[in-house]
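Chain lettering (A, B, C, D, E and F) follows the sequence in which the chains are written, and residue indices restart at 1 in each chain.
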Amino acid sequence: MATPPNSNMSPAEKAKAFDMAQLEMEYRVDLYNAMTASCFAKCMDTRYKEGDLNVGENSCVDRCAAKYWQVTGIVGQMLGGMQQQQQQPR
Amino acid sequence: MATPPNSNMSPAEKAKAFDMAQLEMEYRVDLYNAMTASCFAKCMDTRYKEGDLNVGENSCVDRCAAKYWQVTGIVGQMLGGMQQQQQQPR
Amino acid sequence: MATPPNSNMSPAEKAKAFDMAQLEMEYRVDLYNAMTASCFAKCMDTRYKEGDLNVGENSCVDRCAAKYWQVTGIVGQMLGGMQQQQQQPR
Amino acid sequence: MNPADLEGLPEEDKQKMVSMIDNMQMKDSLRMYNRLVEKCFKDCVDSFRRKNLDSNEERCVTKCCEKFLKHSARVSVRFAELNAGAEAMMQQQVLQQQQKGG
Amino acid sequence: MNPADLEGLPEEDKQKMVSMIDNMQMKDSLRMYNRLVEKCFKDCVDSFRRKNLDSNEERCVTKCCEKFLKHSARVSVRFAELNAGAEAMMQQQVLQQQQKGG
Amino acid sequence: MNPADLEGLPEEDKQKMVSMIDNMQMKDSLRMYNRLVEKCFKDCVDSFRRKNLDSNEERCVTKCCEKFLKHSARVSVRFAELNAGAEAMMQQQVLQQQQKGG
């Protein structure tokens, strides 16, 4: 996680910290939106007879969110591992 | 609609007004692009025998644009209503 | 291609040149990402029995990249031609 | 954003607004270029036994591009009409509000 | 980003951070609005023989919108829980690391 | 953007350019991360009777990620070749233009 901007930083470091904070927020918003869209596609009946979620849809969403999060973890580890491999030969 | 930047504003207000003007323009560009893509998907024959739109496609596009606009209105009202509900309890 | 920022420019020209350089980089990143996603959709077996690309997939990707590039060329020429047509009547 | 809104602004702010709009249009054109390539490639190219487009694929891409541009121009006219209609309606509501108040 | 992280900052930087967050939320709401219109239009409108939505299409769009917002609210709660869980786990690891070191 | 283009710039502008590029690469990596999760989730996870991934789903996600990264690396090499080819062709045209002019 990015270090938030603080008073001990030089102007250049502070500008960088602001950029990083912004990127991290964008990443989280993007992740939440992708999770929402993915679980809507997997769990919802799109004939829209009802505006409410039924029992099946509700529990599907909960499990879908949990599984999506786990996929985030697996992919994150693989990308991290790949980055380390690229950095080691130097 | 956002108030455009004007000379009576403080620097902070003016910066905010520029940001709002930019967001509004991005929103309109985004809406136009989504309408274009959606009506292309609904109305166009994608075997591309011809580069021109035939009579049926032309009238389909006109009605599609009108209906898309109406959906924008309905969704906008529902989002607005929801926002008011959230603000009332305060 | 955009002229990169240089020391002979006025501050306004330099700011413009930075903006152009950024747009061009975003365009290239966007193009590469779209090519990657398109060729993945066209060439890859998505049952994911293997993590490696087989011989067929490898040669498919090479040809897909070449063809995608050619499409970029055709579309670019047509957009350029259209722009010229719009500018001539003035 | 109405161009008339820029009238009262000092030169510096007007410049800033104009370059913001320029930049956004440029960005939008480049994105549209990429989306158009992606779409026509998806719809027209399906065989990867050679590394060059055959004449059918080329023709398809050309027609696809032409069709999208014509479609896009038509939507643009409709979009402007719908926007103008919405603004006229809003102004009328403001007017009625003022007459009630007066 | 924890709100507590802003405590030590000078007023000017705090303002900058707050307006950055405001701006991002506004942008995200407008994008969500566009995505929602696109989705409900796609799922609910399929006939273009008239230029006005019929009552079935209107009802479908309303339900679609309602359903998406309820779904979205539920995902939001789960997302917050999953984030909180991950942070608690990370803090525990830091603690264990410190105890080993001490 | 050619790295050599930065040679003549004052230190301050060079810094600005470098941090712009850094920022863009960071942003692109984070977006790619999100797109990859979305894609592999879509292709690999279809049952929601339990709240944990089963071993088949886990294996599928791993292979999907591995395959996408290998694919992506290969496209990257081809993309660089195609770009280089296009630039060489453009330079040759400029040269021929100059020879005609001289």
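The rule is simple: a residue touches a chain if its C-beta (ideal position, glycine included) is under 8 Å from a C-beta of that chain, and two chains touch if they have at least 3 such contacts.
This one's a predicted model, so the numbers in the text were calculated from it and none came from an experiment.
*Asks:* Using the touch definition from the top, what's the fewest steps needed to get from subunit A to subunit B?
*Replies:* 2
*Asks:* Show me the overlap between the contact partners of subunit A and those of subunit D.
*Replies:* none
*Asks:* Can you tell me which chain lies farthest from subunit F, using the average of the Cα atoms as each chain's centre?
*Replies:* B
*Asks:* Computing the C-alpha centre of each chain, which chain sits at the greatest distance from subunit A?
*Replies:* Centre of mass proxy via C-alpha means gives D as farthest from subunit A.
*Asks:* Could you please state the distance in Å, as a whole number, between where the Cα atoms of subunit C are centred and where those of subunit D are centred?
*Replies:* For subunit C versus subunit D, the centre distance works out to 20 Å.
*Asks:* Counting in whole Å, what is the centre-to-centre distance of subunit D and subunit F, each centre being its mean C-alpha position?
*Replies:* Comparing mean C-alpha positions, subunit F is 27 Å from subunit D.
*Asks:* Multi-chain contacts only, two chains or more: what residues does subunit C have there?
*Replies:* Those would be 26, 37, 43, 62, 66.
*Asks:* So which stretches of subunit D touch two or more other chains?
*Replies:* Residue numbers touching two or more other chains: 44, 62, 66.
*Asks:* With chains as vertices joined when they touch, what's the shape: line, ring, star, complete or other?
*Replies:* Here the contact pattern is a ring, one closed loop where every chain has two partners.
*Asks:* Can you list the ring's chains in order, from subunit B toward subunit D?
*Replies:* Order around the closed ring, subunit B first, subunit D second: B, D, C, F, A, E.
*Asks:* In their complex, what parts of subunit D are in touch with subunit B?
*Replies:* 1-2, 5-6, 8-10, 13, 16-17, 20-21, 24, 28, 32, 35, 43-44, 60, 62-64, 66-68, 70-72, 74-76, 78-79, 82
*Asks:* Looking at the complex, which residues from subunit F come into contact with subunit A?
*Replies:* 15, 19, 23, 26-27, 30-31, 33-34, 36-38, 40-42, 44-46, 48-53, 57-58, 61-62, 65-66, 69
*Asks:* Residue numbers of subunit B touching subunit D in their complex, please.
*Replies:* 4-7, 14, 18, 21-22, 24-26, 29, 32-33, 35-37, 39-40, 43-44, 46, 48-53, 57-58, 61-62, 65-66, 69
*Asks:* Flag every residue of subunit A that touches subunit F in the complex, lowest number first.
*Replies:* It is residues 12, 15-16, 19-20, 23, 26-27, 30-31, 34, 37-38, 41-43, 59-60, 62-64, 66-68, 70-72, 74-76, 78-79, 82 of subunit A that touch subunit F.
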